[in-house]
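We just call them A, B, C and D in the order they show up, numbering each chain from 1.
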Amino acid sequence: SDTTREAAAEEAEVGQGWLHAMGARILEAGPSQVVVEMSVDGRHLQPMGIVHGGVYCGLVETVCSVGAYQSASLKGMLVVGVDNSTSFLKAVREGVLTTTGTPITQGRKTELWRAEVRNAAGRLVASGQVRLLCLNPGDPLAGKGASGPGHKDHPDAS
Amino acid sequence: SDTTREAAAEEAEVGQGWLHAMGARILEAGPSQVVVEMSVDGRHLQPMGIVHGGVYCGLVETVCSVGAYQSASLKGMLVVGVDNSTSFLKAVREGVLTTTGTPITQGRKTELWRAEVRNAAGRLVASGQVRLLCLNPGDPLAGKGASGPGHKDHPDAS
Amino acid sequence: SDTTREAAAEEAEVGQGWLHAMGARILEAGPSQVVVEMSVDGRHLQPMGIVHGGVYCGLVETVCSVGAYQSASLKGMLVVGVDNSTSFLKAVREGVLTTTGTPITQGRKTELWRAEVRNAAGRLVASGQVRLLCLNPGDPLAGKGASGPGHKDHPDAS
Amino acid sequence: SDTTREAAAEEAEVGQGWLHAMGARILEAGPSQVVVEMSVDGRHLQPMGIVHGGVYCGLVETVCSVGAYQSASLKGMLVVGVDNSTSFLKAVREGVLTTTGTPITQGRKTELWRAEVRNAAGRLVASGQVRLLCLNPGDPLAGKGASGPGHKDHPDAS
């Protein structure tokens, strides 16, 4: 229902969305670099006791989307991710993961961002990239006009 | 600490891991098809009010890993995902998502699985693939010998 | 120089471009399916005597681009590929490869196409996908206005 | 036939394979960096007069495979590429392209290499990565035991 949808969107805006569900914290969010931190706990694991691949993908998606959102907003545009490709390099059981996103290209139609996930020792444990499409405000998006988090001065577009 | 790690792994095994964090339910888990269902709620959204890309990646990762785990276990092996590539085809604000994974190749060294995510109307909203590496039990994995969920007859390797 | 560029483009238009360099032949080219055939010979191999991965990528790129070009032209648009992701499933030493491309999504801003490469026995030997960006004629493209192969009624946009 | 196959493999070994078909030259080939150069000409273009995406994929595949081959041979192993993912960042009509490959991970079971393609002005025009599987000599590969280019001291495994 529309009420459910509005409530769900509201929840996301006040930080109850996927960023919160992952337990991630945005440390830095600019148009040329984004840094997110997350402490591994039981929720992040798969049954072999290592961090689930979907967690790395989610971290990569987050830093790339937040960065492209910052970058696109300088042009008065919004972004939406279209392709995420993430590689898992070293299995992790615990500790703090730091994910850093940087732009590869920032065009008028798309942006491409790359992310690296490092463990507490600074070792690369996952890397990935996200292709994002630039939208104009009001472009159709899932049955509504595309809009950002709006009046809440909120850094995370993802 | 080791105690924390053991507890975290235990939690994952009893269903408190990423599958639970996503709110996903395994409907079918075999070596040639896996189906997972998830109802979108506020936790899954990003600030524009649509499902976060990391959620689709996590669903794709789950069905592919669970399937490859089932398939590899027929050969006495385990699997670990190495690359996830997921495309977002249609933005979603609410409803039930059904994700189905099927094998593309099932080799002695790697498996490649493909997944499709459909909304309640049956429309394809995301698709992706995961490359998984086959391991022998006891192969090194994040400082321990690789092992599955063990004595708990548990279908989810991811 | 401009003269060299014009000559190079002209060459591509009359069939001396990459399609010809690969030794591929377009069997079918429509907005919902494209089929290309190629006989493996010495030029396609890498030093281990199997088909070079770049050949499969090139086949995938070709069928997806030709198809999206056909599809976009129905909307008066052009396309340009932005991301190609190809998986190699079975090594091949010889024989005819048949590559079939079909659309996953055909939007106003991007298209996503998927391709399968099969050997003479019909076995899947490679698969992949290409994300393509839709352009309006005259949009900037490498220092010129984007344009298709023009007056030559030519099916291959890639 | 076997005679055709032997001849085809022989051709590849003496430099008539895909590297030659692309018109690429290996400038450097070591286990931690590979550099390949290629001058764009008419054969590399698609009908819009820009370099065909398959050419970038082929360059990425080549530097990553040659590098992983060098790296694996230090362990007495061979490699075979399994997934290539290449992004096209800026359309090119002419000039020299320089492609550099560097390792992301070099494991016992797989290697992951990354490549960047730059134009004559040093601008990044494409980037990509290749996942490669490590094989022991004699492991089955397309109906024969895997073997490298053998007695010919030849740097290119791809």
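Note that contacts are C-beta pairs under 8 Å (C-beta built on N, C-alpha and C of every residue); 3 or more make two chains touch, one makes a residue touch a chain.
Predicted model, so just to flag it, every value in this text is computed and none were measured.
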Touch-network distance, chain B to chain D, counted in steps: 1
Centre-of-Cα separation between chain B and chain A, whole angstrom: 19
Computed distance of Cα centres, chain D from chain A, in Å: 32
Interface hub residues of chain C, defined as touching at least two other chains: 82-83, 85, 87, 90, 112, 131
Chain-level touch network, classified as line, ring, star, complete or other: complete
Chain B residues within the chain D interface of the complex: 82-83, 85, 109-110, 112, 131, 133
Residues of chain B defined as touching chain C within the complex: 85, 87, 89-90, 104-105, 112, 124, 127, 129, 131
Partner chain B, residues of chain A touching it in the complex: 4-5, 7-13, 16-22, 40-50, 52-55, 57-62, 65, 78, 80-88, 90-94, 130, 141-144, 146-149, 154, 156-158
